[in-house]
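Listed below are the structures to be examined.
The same chain A turns up in both complexes below, where it pairs with chain B and then with chain C.
Take a look at the complex of A and B:
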């Protein structure tokens, strides 16, 4: 049996735990399962339903029949697979080791405060990745080198603009434009310039929301799935707009 | 030569998956497995298209299914959900050239409104490339997600320490 105070405490934690995951790119059914598992570990029934921007949660003590409900905003966080794995694992540990709320909360804090990947390291591996991508599409080595450089510049633009808190649609348009503009250097060399130009903005493709959207829809969370897909498609349109600006400048050399 | 081609394809796919994965902040312990999945998946698609004359959409579906099954197998050992492994591994299969040609032909169509037959040619290219891009992306997501439905008990307890 829970007191009103305990129930409120549990609801507060589960709300933070669930919205943190929804904000950092975990698909909906996993968040629902994780949150219910935490509830099970603490002896309450957790129900939640989620939209793109907010989540409605109810915590029910089945012994007393007492319930509490809250609507919580989902924070906009950078996507993190590490937190996705760690927070899922936390819910299993809570259940299997029958952890009390204070201990779960302590471990949760430690997990979300873990440092993220170093931005310079990310920048370099993204450059290498896009260069390999160019090679996969049949680009020659000159094109690969140009794509590597163009990606470094484009991704650095994205990192700096994101750090300044600029609207993410503008960030995508600007990064796609800068990356593809740098890749037009390939037109001056005897190389596979079109492949270089095509590959340069691809590091921006929003893979996580695209796939999460599909997973949510096929698992029956159609509303949030469609919202995620609409968001992802808007980002794809932004990439296309940035790339188009470059293409309009150089289209005659490409025909 | 065939083996060398396939191995090179696998190598570049692995590098691409590691880099694109790094954007989404995966746990360090997941990198070797992401690379292995991407290498196997992309090389499989390459092999199917080059030597078995499969089209890009069905080859992508088969490769994505293989990656999904692989992530079900490999995720348990490092307590990672399947999506953490398979989303980065799928990214090197995104049909970038088709997506680019979709944008390019749309622009060229808008530039040739005055010349009807040239415009029609670009419109045709636009639909061709957009159809391929959308089908491949849809099939990639569906193929990799299928194992979750086939083996949902295992897929839902990937991060559990205690073996059920």
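Take a look at the complex of A and C:
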């Protein structure tokens, strides 16, 4: 049997745990499973219903029938598959080892405070990945080099604008525009310029929201699934706007 | 290729007095930054850099390079860099105070705009069909020198814009046979490594991964690959010369 205070404590932790995952790119049913598993380890039943910006959580003590409900905002966090995997593993540890709340909280803190990827490392790796896209789509080595540096510029713009808290739709438009503008350098050379231009903003494609949206809809979380897809589609439109601005300027040769 | 040099000749013939004036202003401001880096001098240098970038965008590309294809895109590229200098001025990002580092390399880069015309003359070109101090590549290499000598915290977006420009310069050597652009390319590869390394070190207190050492190795590998590309273009250039 849980006291009111214990229930509130558990609800507070599960709310933080679940919204952290929802904010960092985990699809809804996985978050529900993880949160319920944590609840099971602590002897309560967790019910969760999620929307794009907030989540409604209820923690129910099945022995006494006492319940606590809270509406929690979902924070916007960087996507980290490693962290998501760690947090899922934490829910299994909690269940298998019958961990008390304090221990689960301590391990959770340790996991979320683990070092993140260095922004310069991310920048270089994203540049290499996008240059590889260019090569995969048939770009020659000059185009690959230009896409690499164009991606570095576009992604640096995205990082700086995001750090300044600018609206993410504007960030996507500006980054796509700058990356494709830099890629237009390829037009001056005898190389596969069209491929360089087309692949330069690919690093912005919101793959995780698109995949999560589809998984959510398939698994019955239609509302959040559609919200995620609409959000992802808007980001794709923003990329198209940024790229179109560049294409309009070089329309004589491309459109 | 012919259009390329004709536009340069038209630009030089019409603007050489202004180029001379801008070079003198740059020398005076540099002297001020080295000797008496007052806030007024630092603001003046930022305004001067913004003006130089807008000059390249507006006068060089939009007026004299109009016959070249895609001159508008290049003008926009330089206008954005001019905008970044204005932004830097408004938010007081780069302090332009002497860092005391790179005391040999940075002055060499700062003097590079004067080496460009000498390099052209050495290659047998004649005025006005030659590279001059106020042209895109010489301004780019000057900017890199300025940031190495005077910026504790570099604007990484501006650095990457210049890196992009320099690597295009390498492609220009390969496709158009303009060996003067080796000056920019030569200076950019080590400068790029230094900028990134210092940027990583300035954020060393933040717990991130991979470690600073791994990042250092990665940066060296990337610069090494760029260096290989550079060598390849150099060899290609030699072939071009032998064909001629």
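In the analysis below, the second predicted complex is superposed on the first by the 254 of 255 C-alpha atoms of A that agree within 3 Å, B and C clash if a C-alpha of one lies under 4 Å from a C-alpha of the other, contacts with A are read in each partner's own complex, and residues count from 1 in each chain.
Keep this in mind: contacts are C-beta pairs under 8 Å (C-beta built on N, C-alpha and C of every residue); 3 or more make two chains touch, one makes a residue touch a chain.
Just so we're clear, the structure is a prediction, and the values are computed from it rather than from any experiment.
Once the two complexes are overlaid on the shared chain, A:178 sits against chain C while remaining clear of chain B. When the two structures are aligned on the shared chain, A:120 is found in touch with chain C, with no touch to chain B.
In the superposition on chain A, contact of A:198 is made with chain B only, not with chain C. In the superposed model, A:169 makes contact with neither chain B nor chain C.
In the superposed model, A:249 makes contact with chain C only, not with chain B.
Within the superposed three-chain model, A:188 lies in touch with chain C and out of touch with chain B [touch as defined at top]. In the superposed model, A:153 makes contact with chain C only, not with chain B.
Of the two partners chain B and chain C, more residues of chain A are touched by B.
Using the contact criterion defined above for the overlaid structures, shared-chain residue A:51 touches neither chain B nor chain C, since it reaches no partner.
Under the contact criterion defined above, the residues of chain A that touch both chain B in one complex and chain C in the other are 116-117, 121.
Interface residues of chain A facing chain B in the complex, by the touch rule stated above, are 25-27, 30, 33, 78-86, 88-89, 91-93, 96, 116-117, 121-122, 125-130, 132-133, 135-137, 195, 197-199, 202-203, 205, 207-208, 210-212, 214-215, 218, 236, 240, 243-244, 247-248, 251, 254-255. Of all the residues in chain C, the ones that touch chain A in their complex are 69-70, 72-73, 76-77, 80, 156-157, 160-161, 163-164, 167-168, 171, 174-175, 196, 199-200, 203, 207-210, 215, 218-219, 222, 229. Against chain A, in their complex, chain B makes its touches with residues 9, 12-13, 15-27, 30, 42, 79-81, 83-84, 87-88, 90-92, 94, 96-97, 99-104, 106-108, 111, 137-138, 140-142, 144-145, 148-149, 156-162. Chain A contributes residues 113, 115-121, 124, 142, 145-146, 149-150, 152-153, 156-157, 160, 178, 181-182, 184-185, 187-190, 246, 249-250, 253 to its touches with chain C in the complex.
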